[in-house]
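Below, chain A partners chain B and then partners chain C, in two separate complexes.
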Partner chain A sequence: MQMLLISLLVFFIGGVLSLLFSRSGRIASIVGAGSAFVASIIGLFPALHSLFSGVSQQLRYPWSMPCGSLSFELDPLSALFLTPLLILTALASVFGAEYLRSWSLKKSLGAPWFFFNMLAFSMIAILLARNAMLFIISWELMTILSFLLVTFEHEKKSVRTAGWIYLVAAHVGVLFIFVVFIMLGMKNGSMDFDKFALPPGSIAAASLIFVFSIIGFGSKAGFVPLHVWLPEAHPAAPSHVSAIMSGIMIKMGIYGILRVFIYLGPPHEWWGWLLIGVGALSAVTGVLFALAQHDLKRLLAYSTVENAGIIMIGMGTGVLGVALKSPLMAAAGFAGALLHVINHSLFKGLLFLCAGSVLHGTGTVEIDKLGGLHKRMPWTSFAFLTGSVSICGLPPFNGFISEFLIYFGAFYSISSMNGAHVFSSSAVIISLALAGGLALACFTKAFGMIFSGEPRSGDNSRFHESSPSMLLPMLALSSLCLIAAFTAPLTVSAFKYMLPQLTGMTFSTSAKALDIIIKPLWHVCFISAGFFLWLFALWLLRKLMPRSEVVEKTVTWDCGYCRPNGRMQYSSSSFAQPLTRFFNFFLRIRTLFKGPRGIFPKDSHYMTETPDIFEKGFFAPIFARIHDFLVLLHRFQNGRVQMYIMYIAAMLLILLIWKLS
Partner chain B sequence: MNWYILINIILPFVLAPFLFGVINRTKAFFAGRRGQPLLQLYYDLFKLFRKGSVYSVTTTWIFRIAPFAVFSSIVCVILIMPCGALVSPIGFRGDILLFIYFLAMARFFTVAAALDTGSSFEGMGASREVQFAALTEPAFILCMAALACETHSFSLSTIFSRLSFASWSGEGAVLLLVAVSLMIVLLAENSRVPVDDPNTHLELTMIHEVMVLDYSGPDLGFILYGAALKLWIIGSLVVGVALPVNTGNFFLDRFIFLGGMVLLAVIIGIIESVMARFRFLKIPQVLILASALSILALILQVRF
Partner chain C sequence: MDNFRDLLIVLLMLINLMLLASSRIRYCIKIVAFQGLIVGLVPIFAAENGIGIGIILTALCVIAVKCVLLPILLQRSQIIADVRREVDPFVGYTASIFIGIAALVISFWISTRLPQMEKQVSHIAAPAAIFTVLSGLFIIMSRKIALTQVLGYLVFENGIYLFGGAMLLENGFIIELGILLDVFVLVFVMGIAVFHISQEFNHIDTDRLSQLGDWNAELPEEIKK
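And now, the complex of A and B:
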């Protein structure tokens, strides 16, 4: 715990120092990134220790804030979220130092590094806070700082709009979080988490708090339909910040739901159904929208929505397991969800860094303008490939393990406990399978269109690979994706320390349930290791074949056409077209098409774009109404001094009459 | 572990190419031709493995490694796959999922390699492949869920050793629905008529064949061999559901299982002879039908 406080202090001092050195971009970067790196490494030790040994430590100081106290605690659940936070912050800071350098002549880099360090600071504070005031202040700090980082390139109008949407969405969420904490703290009149309790028998209150926590924290976690800020904010932010936001910050929403869930007592069956429903909607919708995007960072943002949905499905399975009193289903669901929190932060962090590297090397993330980048950026391509395989949930990488656990819970309930929940478990299976298949389409598209084939925009000689200080964090995350897969049984067995808290089961029950789940995981690891062995064996076999040398190098089979060019390749929209057309009743893709006309056709073009139907069809009308209503108030605020004097006089008169009567 | 479990691994590697011979012979019979020898694919593989390879200059190491990645995935699947009622060498709860996801891994690399060539034809094939796969995968997993519900287990080996003719007389409707659904999955996953036509001569109309257009020599050999193994793998599931023999006599059981596989190949051949390939726009409906059938199989078993 002391080490974590030191880590917090280093984040803070490093941030302030980089602000002080903001005159020189280089020094500010070195100080900011260096301190973030050091602070993360310092913090990683206590986090890992708590995660794997189950130790919790508390600290409490008085605070002059009303209802507030500086009470901190590091328990395994916090440590689970802290670990990916610190890993990703350390790697993203190394990446960012180089990434931001191209702006150093145009902009002061002191402030962004201050914000970056303080963002990590605030997120650690959220995870450690055990007092509602402290929690909400840290939460607000996180929102504001990430807003300031999103608007890094505030001279662009699109970035300002994105920041604005983000700020509004975040504050709608906070409103609900306030209500949740007030309702929980009412009984004992204290805002300390350990005094949180509900009056006995208050089932309706518990359900209400649960729903509010899903809305409040869900707006941060990016559940559909509260996800609208993600596809705006993630592309606008600098890539290493997007990695932090997508990899970690949205997980704070998940953490919030889990933390509140602990204080709600035994759950109802329909809570699980609700979580599964919202999760399934987010997972499938998220990946469908991702598939229809042409901008790599927007695609990744939507895929974050999908993964938040998968985590939610896992939590739903777990909650349902608790409600049905099935330790195995509860353990599998929660273990899958918690493991996916770690896994997603690794591979999504990696993919956003790759997107940053592509942007850095080529100046664009428009998928249809790229192509053939593999030859120019082999390492970025390799890292993106591992990230894609992981995010599609394919063995032998880590994404598969967490999805496997969620499936495990659903299959267990179908095979061993016949009843109405066969339907919910089928919903889990269908949505995971469909999301998995669509994710494969989405990421083969992203990888294939950007890195494979020939360049689509002619000359790519100015495209360059990123420098080692950007590549190393990416390759580190790639290997972590693989390492996380093979160490998953160990990580899952550490969940026995937090499961009793979440599920209300005894320690021995949850440990026993996890033991049953871990056994197949070892088999999965064993067979996955075999995959690499066969790969190597086949490669050797190929070398031993009679004519192992390349006979000839020639062009790709082009059906006899003599002058093919890069623009004739399949593009991102044409690759996704069969699927997007199939789901068009939902996606509502807009097409702008002007075909060639006449004997000598001049220009023709074809363009598709996929606006977010939830933004355009749901939020935009609501906010338009609110705007219309507020316009009515303009009459009172018309800017004439005389009117304002009249308001004051009228007010005074009313007060006078009120006092007299 | 008993020695005879190894037969699980040996059988597919030795006999899988034979199924293609049976399918082709059946089709030739319907067309009134004599047809290829039954062992044609063995000859082809033997020839291909002794040849050199031609590569496109556009391709990268992804194109070269893809056949091995595909084949390795299929080897991993074979390790966890039971042959009818005979349990697999490695069986555990949830191996169904590893089974399906390793097949998806194979697909990922096939598609990545197709896109690596930068050819529009192969892009087109890849695009169709991922579309149909996204709809096939739910059907496949739901079939397995229905079987899991039926046998109260979700390990492949246990599922197939618990199925018997008694389950057909008890829950015949469920098994029939699952068998039909699995058959559609088999045709879709293995790119057979009515989803895809392996014998077409126009790149524009193919799915799987067009994705591997640029492969030659041993690489093509691995791909063809892998495709044959995949047909065997999914076929053995269909046979396991449709002909769940468990007499206790080891040789009789294996014999009936092999007979079932040959019969399956004949049925595939007949389907290809009497049906035309569906329009691409119609195929999603067929695949959703497969999902619907397996959901129905699940619902029939729910007891409140």
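And now, the complex of A and C:
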């Protein structure tokens, strides 16, 4: 715990120092990124220790804030979220130092590094806070700092719009979080988490709190339909910040739901169904929209929605297992969800860093303008490939393990419960399978269009591979994806310390349930390792084989044209078209098409775009109405001092007359 | 003596109406200076226990500030900013007169409902004071040019001063001197602001200053007008 406080202090001091050195972009970067790296490494020790030994430590100081106290606790659940946070912060800071360097001449880098360090600071504070006031202040700090980081390139109008959407979405969420904490704290009149309690027999209150916590925290976690800020904010933010936001910040929403869930007592069945329903909707919607995107970072943002949905499905399975008193289903569901939290932060962080590397090397993330990058950026290509394989849930990488656990829970419930809950479990299985398949298509498209083939735009001479300080964090995350897969049984067995808290089971029951789950995991690991070795052997064989045949190099796309060019290739929208057309009733893709006409056709073009239906069809009309109403108020608040004085004077006069008459 | 005092007070009310009806700024400054003189004189004529040195000193002080110093400052600002008249006020001059008359009626009504003071100087002093306050406020609200608004503040302050003097409030003069200082600083600041505004923008319309705020940029066209 002391080490975590030291780590917090280093984050803070490093941030302030980089602000002080903001005159020189280089020093600010070194100080900011360096302190973030050091602080993360310092904090990683206690986090890992608590995660694997199940020790929790507390610290409590009085605070003059009303209803507030500085009470911190590091328990295994916090440690589980802390670990990926610190790993990703450390690596993203190294990446960011190089990534931001191209801006060092144009703008001050002191402030962005200050915000970056303080963002990590605030997220650690959220995870350690055991007082609602402290929690909400840290939460708000996280929101504002990430807003400031999103609007790093605030001179662009699109970035400002994205920032606004993000800020509004975040604050709608905070409103519900306030209500959640107030309802929890009402009975004992204290905002300390350990005094949270519900009056006995208040089933309706618990359900209300649960729903509110899903709305409030879910707006951060990116559940459909509260996800609209993700596809706006992630492309706008600098890539290492997107990695942090998508990898870790949205997990704070998951953490919040879990943390509140602990205090709600035994769950109802329909809570699990609700979670599964929302999760399935998020998973399928997210991946469908990801498939239809043309912007790599937008695609990744939608894929984050999908993965948040998968985590939610896992939690739903777990909650259902608790409600149905099935330890194995509960353990499998929660273990899958928690493991996916770690895994997703690793591979989504990796993919966003890759997107940053592509943006850095080529100046664009428009998939249809890229192509053939594997030849120019082999390391980035390799890292993106491992990330894609992980996120699609393919063995031997880590994404497979966590989805496997959720499948395990769902199949177990079907096979063991006499078909009573076939419906919810098969919904889990079907939505997971659908999302997995579509994710595979989506990332095949992303990787294939960006890295294989030939460059699609003419001007590609300046495309270059990123420098080692950007590649190293990416490769580190790639290998972590693999390591996380093979150490998954160990990680899952460490969940026995937090499962009693979440599920209300005894320690021995949860440990026993986890033992049953871990057994097939070891099999998975062995098979994966065998597969991996087999691949390696094939590769070695290919290397060692005598090269008798002559290797001839030619352009990738020739097709018998006399003058082929890169734009004749398959485009990303044509790749996705069979699937997107199938789901068009839902996606509502807008097509602009002007075909060639006449004997000598001149210009013709074809364009598709996929606006978010929830944004355009749900939020935009609501906000338009609100705007219309507020514009009416502009007549009163019209910026004229004279009018404002009139309001005051008229009010006073009316009060005077009213008092005297 | 009493008649002369009431005459002054009636004059004060007429001055308010004149101010509401005039558009030329230099003329307005002169009127306000004259009002300052009258307001400064009223306590001297209102004193019942004989004229003490304190009262005379206060009166001199008030007259020096309100009738001499502030008008000179304002006149200088007017010359620097080169504005002659308030061309396009929010409320027209004829309408202003009618509103002024309505304010007069309200003031008389209010003063009948006020708790009766034992040592009231004159039965028209309180309505005159309230009327002055209201017309000062109205000038602030209805005029656009910064200088006219400063004049409005001055008139407003005159009203308060008259109220204090007419009601013979305890420690009234000390409070008055405090307010006087406020107004002095206000005029000073406004003078500087007016000078800078006119340097930057070639006009001193306060309503156009609102364009400096960035939220205003998104106002729909019909409201901007």
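In the analysis below, the second predicted complex is superposed on the first by the 612 of 661 C-alpha atoms of A that agree within 3 Å, B and C clash if a C-alpha of one lies under 4 Å from a C-alpha of the other, contacts with A are read in each partner's own complex, and residues count from 1 in each chain.
Here, contacts are C-beta pairs under 8 Å (C-beta built on N, C-alpha and C of every residue); 3 or more make two chains touch, one makes a residue touch a chain.
Keep in mind it's a predicted model, so treat the numbers as computed, not measured.
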item	value
Partner chain(s) touched by A:76 [first = chain B, second = chain C, both, neither]	neither
Chain A: partner with more touched residues, chain B or chain C	B
Which of chain B and chain C A:635 touches, first, second, both or neither	second
First (chain B), second (chain C), both or neither touched by A:400	first
Contacts of A:414 with chain B and chain C, given as first, second, both or neither	first
A:542 touches, of chain B and chain C: first, second, both or neither?	first
Interfacial residue positions of chain B with respect to chain A in the complex	49-60, 62, 65, 68-69, 71-73, 75-76, 79-80, 90, 92-98, 101-102, 104-105, 107-108, 111-112, 114-124, 126-128, 130-131, 133-138, 140-142, 145, 148-149, 151-154, 203, 213-214, 217-218, 222, 280, 284, 291, 295, 298-299, 301-304
Touching residues (chain side chain C, partner chain A) in the complex	90, 106, 110, 113-114, 134, 137, 140-144, 149, 206-207, 210, 213, 215-216, 219-220, 223
Complex contact set, residues of chain A against chain C	631, 634-635, 638-643, 645-646, 649, 653, 656-657, 660-661
Chain B-touching residues of chain A, taken from the complex the two chains share	371-372, 374-375, 378, 381, 385, 388-389, 392-395, 400, 403-404, 407-408, 410-412, 414-416, 418-420, 422-423, 425-426, 429-430, 433-434, 436-438, 440-441, 444-445, 447-449, 452-454, 519-520, 523-524, 526-528, 530-532, 534-535, 538-539, 542, 545-559, 566, 568-570, 574-579, 582
